[in-house]
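Structures follow.
First chain A sits with chain B, and in the next complex the same chain sits with chain C.
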Partner chain A sequence: MSTYGHLDTDAHDVDPPGPDTRSARPAPASRTVLLRRATAPVALTAVMFLLAFTLGSTTLVTMQEVLAFAVFATATNLLLGQAGLVSFGQAVFFGIGSYTVALGWLHWQLPFWATFVLAPFVGALVAIPIGLVALRARKLYFALSTLAFSELAYQLAESRYNFTKGANGVFGPFVPTALTQPRTGYLFLLAVTVVSLLLLWKVNHSPFGLVLRAIRENRERVQALGVNVYLHQVAAFVISGAFCALAGAMFVIYSQSGYPELLDWTTSGWPVFMAVIGGMGTFLGPALGALIYQFGHDQLVLYFSDWQLVLGAVLLVIVMFWPDGLMGALARLGGVIRRWWKGRR
Partner chain B sequence: MDLSAFVTQSIGALSTASSLFIVAAGLTLVFGALRLINIAHGSFYMYGALAATTVVGWFPDSGFWIALIVGPLVALVMGVGVEMGVLRRLYGREHLTQLLATFALLLIFADLALRFWGKNVRSINPPKVVNGNFGLVGARVPAYDMVIIAAAIVVGGGLWLLLTHTTLGWKIRAVVDDPEVLVCSGVNIRMLYTGVFGLGALLAGLAGVVIAPQQAVGPGMDAQIIVAAFIVAVIGGLGSITGAAIGSLIIGIAETLGANLAPSWASTFIYLLMIVVLAVRPWGLLGTPER
Partner chain C sequence: MSDETAHDILLSARGLVRDFGPFRAVDGVDLDVRSGTIHSVIGPNGAGKTTLFRLLTGILRPTAGSLEFAGEQLAGRPTHVVARRGIVQAFQTTSIFPRLTAHESVCAALVSKHRRSRDLITWFHRGLAGEASQVLETVGLSDVADEQARALSHGDQRALEVALALAMSPRLLLLDEPTAGMSPFESHKMVQLVQRLAKEEQLTVILSEHDMDTVFGISDRVSVMHQGRVLADGPAPEVRRNADVMAIYLGSEA
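Let's look at the complex of A and B:
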């Protein structure tokens, strides 16, 4: 770990609050650090929990969508922000997660809970061959081959009518009635989101996550150190695929259907947009991006039809002038305020 | 399959390949010189086609020939604007940044097109001279197919002449190899970038006009063509014009064969083809490995 320890510091200017392996110190100090750093995530979870009893049911339903997309965007950001891999194919796994639940019910009458647990494993299983092929290509060629996989999956879902019900998608009462209530659905999805984000956070801050960042910063050097770059990236792709599929299964609770557009390459663009809006360099950035994207979308379409125009303009401004997204901007603002406060005293 | 059916199918495949080539050649030319993938290339194509429908609406008789000039010009102006307003500030940044910026532009242009032209699908007829069919060894061949094929040949030949026989072409090829040396030898590289990007946009606009009499023109054609153009350019190898020609021929033939042999699998066929090519040669048939 110490070999490329220096990379870690510059790769992560803005760290999320939470227990940090990097600042591990002798036992007594680390416990207080741990406690202090655990405060923010615990508080955040508590606030999100309380929202279930204060928000109206329409907003709660939107929040269900936000939670599914938060996992989708955070899982995509494992590739984007950590590994530096631009994938335009994560919708493949998102869609597969949804279809696992929907088709499991349609063809084999599998109970919701079974398919929900199964979804990430199906996603991981599909991600292995795709990752093995796509990661042979680099940079833009990787981005474009994941895009081809996304289109392939979309066309397959649309044309295999007997299996997938084609363009209509699969609708049905496959979500348990308890979860179709806005509040219980929200609480269930919140629990799944918290667990998923904790796991993904663990991945980011493990030695494995460190290797991914090291590869992003200097691939040749890591290779020279004897690390198998290809297999590390495939592993990241599979982990991301599993969580994207879980997000797809979560989305079903909101949409109560699976349909081909979920696999399309433009759907693959969503989590990338969310990550960029929120900030790819931070852990919670993509989740914040999901919140803004979804509420922005829901509010804007009420008043005027040019949602894509606004999204495009916002993206363009962020990409051109604000490359570290909203979280980055907030962190900088925080720094300015802290310095001003210190100067005053 | 008898001869006349074979001829009909071959001309169909060639005409599909030709329109794909004009789009993909622009995309790959821009990639070669600027090292960026322009998703908004699909917007230039759509605006070319939409402009054609408008011009033909004004001048029903000679409109198509006027559109053949107006459409590419519209795309050229858009392209120069995009390069000078946005992309110029993003050279040297990560490729994700450029990819997202052009994606954002695609979204913006798509909504603006809805504002200007509405969401109804529009269509125009081929000009009278080339409307209808003609006989070729017992087969009925749409005359307009020959126009598309001719356009592709003109574009291909023109690009070849430009790149190999003019100073401008030498500069464009030099910028692919070593931009720094080119700057040192006194070439205005910013102008060159703008010019190459504009030329790419112009080709997309031209393809849009040429395809307009054959296809429904409306929202969504931007995202649809860009995926097809990616596939062609990636199979051929990004940055290689010859590769784009080969790639478009492969896709044209594959689409025609697929539609005849296994119609229900035809839509998945070309994506599988691209994945197979990338699995064997991750940088495309005539491309060079990414550094």
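Let's look at the complex of A and C:
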């Protein structure tokens, strides 16, 4: 990364799952192209569905966590990869999503389903003022102010004991019994993940998404083309916040609690790491990063007491050698294999 | 060369001033640009040409002065508002979208022109492919439409700059040294493009340029700037005969 706010990955030309960014040009045989492009995501969803019936309970529970983080990382990557905005404050919305479910139950006895649906709206609502303030700053200062908001939210949640139960967090039987079963919980979260990723993918592949990428590349130029850059960045921030909050609500099915650490800036770091590992320039990269991060973390802690050290080294290697992450590396490998295969035939 | 009385005044600046701290970069500039003409602003380095352009496009706010465009007061309005009114600049330092393709870049500009940049749910940008290809063809970039902008040659990047501006369907196009750093062949193509745009698209063009042959070859009117002021202003042949101008300009340049 050359500057803090603007991430220079070469990854833009590797966008494998959906129509890539060049899709502005209509392909000649668009229906067959669309079918071919849909194959991989549909197959992936089918595999994920079948996993529910093959994996053991422990792994399924970890997979619940992975799914929540996949949405969290993909939503964060709307800012990181598309808008070129490095936010270290997305945990604010993730935590708010969790707390919406937990506190809704604690204070107002709201049913889980109501709070689950409410969570993204609460996230969006909170994202408006934070975005309006934080986006007044550029690049590094934007990253720092989001980090400050994360810390502020954490301190607030920890100190207001009467409302939030302080550092202990809120525990309770607020998740419906059906969803506490590893398999049903996993299947429900899988469905939510698929829908969320489809929506986020559409945002990337909308006129707004195109303009957002243009802003990432050169904000002054877009301004000179008649676009109010600030408002567009705020809109992206709000959309990201909504999906981060949804991810937080998803996480509650796994954690069955809401606690202050979920709002902390270290939690804000997770989706950023996941996106870097998986590839910020790709759509599914951050989700892949979530999978690798969770399982990698579970393995690392078994063998290393200071696992963060290893994580740091891995991140460094990725940033230096694979700026487009694992997904980018895989896409390149795929290209090499395809060329080799064509050469043989 | 156009008969100046036949053209309405599209842009009229009065007493434009811009200070940077104690330094006055633009010092009371009056400028009338007539509709459908090519109007050049010349002057030695540091004369205030680029600052003047930035005042016209709203990138900088004037310290004082007024700026009327098609009957509307635009001084102090933000860039994106000025751009929507029809004043669009192609920048001097190539200011493109490095990792978007030429075609995507123009599509992004078109999305803005059609006011669809807040559209989250449709495929509107895909319907712009034809319009984008047309713009790219106008500037001669059809062959490299699918190349990333950063991979283009310098001349092609400058042409893409012009394409981005054209995509906005401007009424007034500002070109800041359009041929700077170009090979003779590239700059010849650029000059032809500007002339064609002015003639065929009825575009009003303000351009700043160092190359005097280019300036007097294509301009209807010329304003000469020196130390933030306009020294001379008038039809190109008249300005060329002005001995003062030649002394100051060529004296410092040649």
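The rule is short, and it goes like this: the second predicted complex is superposed on the first by the 320 of 345 C-alpha atoms of A that agree within 3 Å, B and C clash if a C-alpha of one lies under 4 Å from a C-alpha of the other, contacts with A are read in each partner's own complex, and residues count from 1 in each chain.
Keep in mind that, in the parts below, a contact is a pair of C-beta atoms (placed from the backbone, for glycine too) under 8 Å apart; a residue touches a chain by one contact, two chains touch by 3 or more.
If you're wondering where the values come from, they're calculated on a predicted model, not measured in any experiment.
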Checklist line | Partner chain(s) touched by A:Thr58 [first = chain B, second = chain C, both, neither] | finding: neither
Margin query: Taking the superposition on A as described, I'd like to know which of chain B and chain C A:Gln299 touches: first, second, both or neither.
Written below: neither
Notebook entry, point to check: If you stack the two complexes on chain A, which partner ends up touching A:Thr32: first (chain B), second (chain C), both, or neither?
Noted result: neither
Margin query: Taking the superposition on A as described, I'd like to know which of chain B and chain C A:Asn168 touches: first, second, both or neither.
Written below: neither
Next item on the list: Would you sort A:Met320 into first (chain B), second (chain C), both or neither based on which partner it touches?
Entry: first
Notebook entry, point to check: So, A:Leu140: does it touch chain B (first), chain C (second), both, or neither?
Noted result: first
Next item on the list: In the overlay, answer first, second, both or neither for which of chain B and chain C A:Leu309 touches.
Entry: first
Next item on the list: Identify the partner contact of A:Arg221: answer first if only chain B is touched, second if only chain C is, both if each is, neither if none is.
Entry: second
Next item on the list: Could you pull out which chain C residues touch chain A in their complex?
Entry: 57, 59, 78-81, 83-84, 88-89, 91, 95-101, 103-105, 107-109, 111-113, 116-126, 128-129, 132, 146, 148, 164, 167-168
Margin query: Residue numbers of chain A touching chain B in their complex, please.
Written below: 80, 86, 133-134, 136-141, 143-145, 147-149, 151-152, 155-156, 158-159, 265-266, 269, 272-273, 276, 305-309, 311-313, 315-316, 319-320, 323
Margin query: Help me check something: in the complex, which residues belonging to chain A touch chain C?
Written below: 10, 12-13, 21-26, 202-203, 205-211, 213-214, 217-218, 220-229, 232, 235, 239
Next item on the list: Enumerate the contact residues on chain B facing chain A in the complex.
Entry: 37, 86, 89-90, 93, 95-97, 99-101, 103-108, 110-112, 114-115, 223, 227, 230-231, 234, 238, 264-265, 267-268, 271-272, 274-275, 278-279, 282-284, 289-290
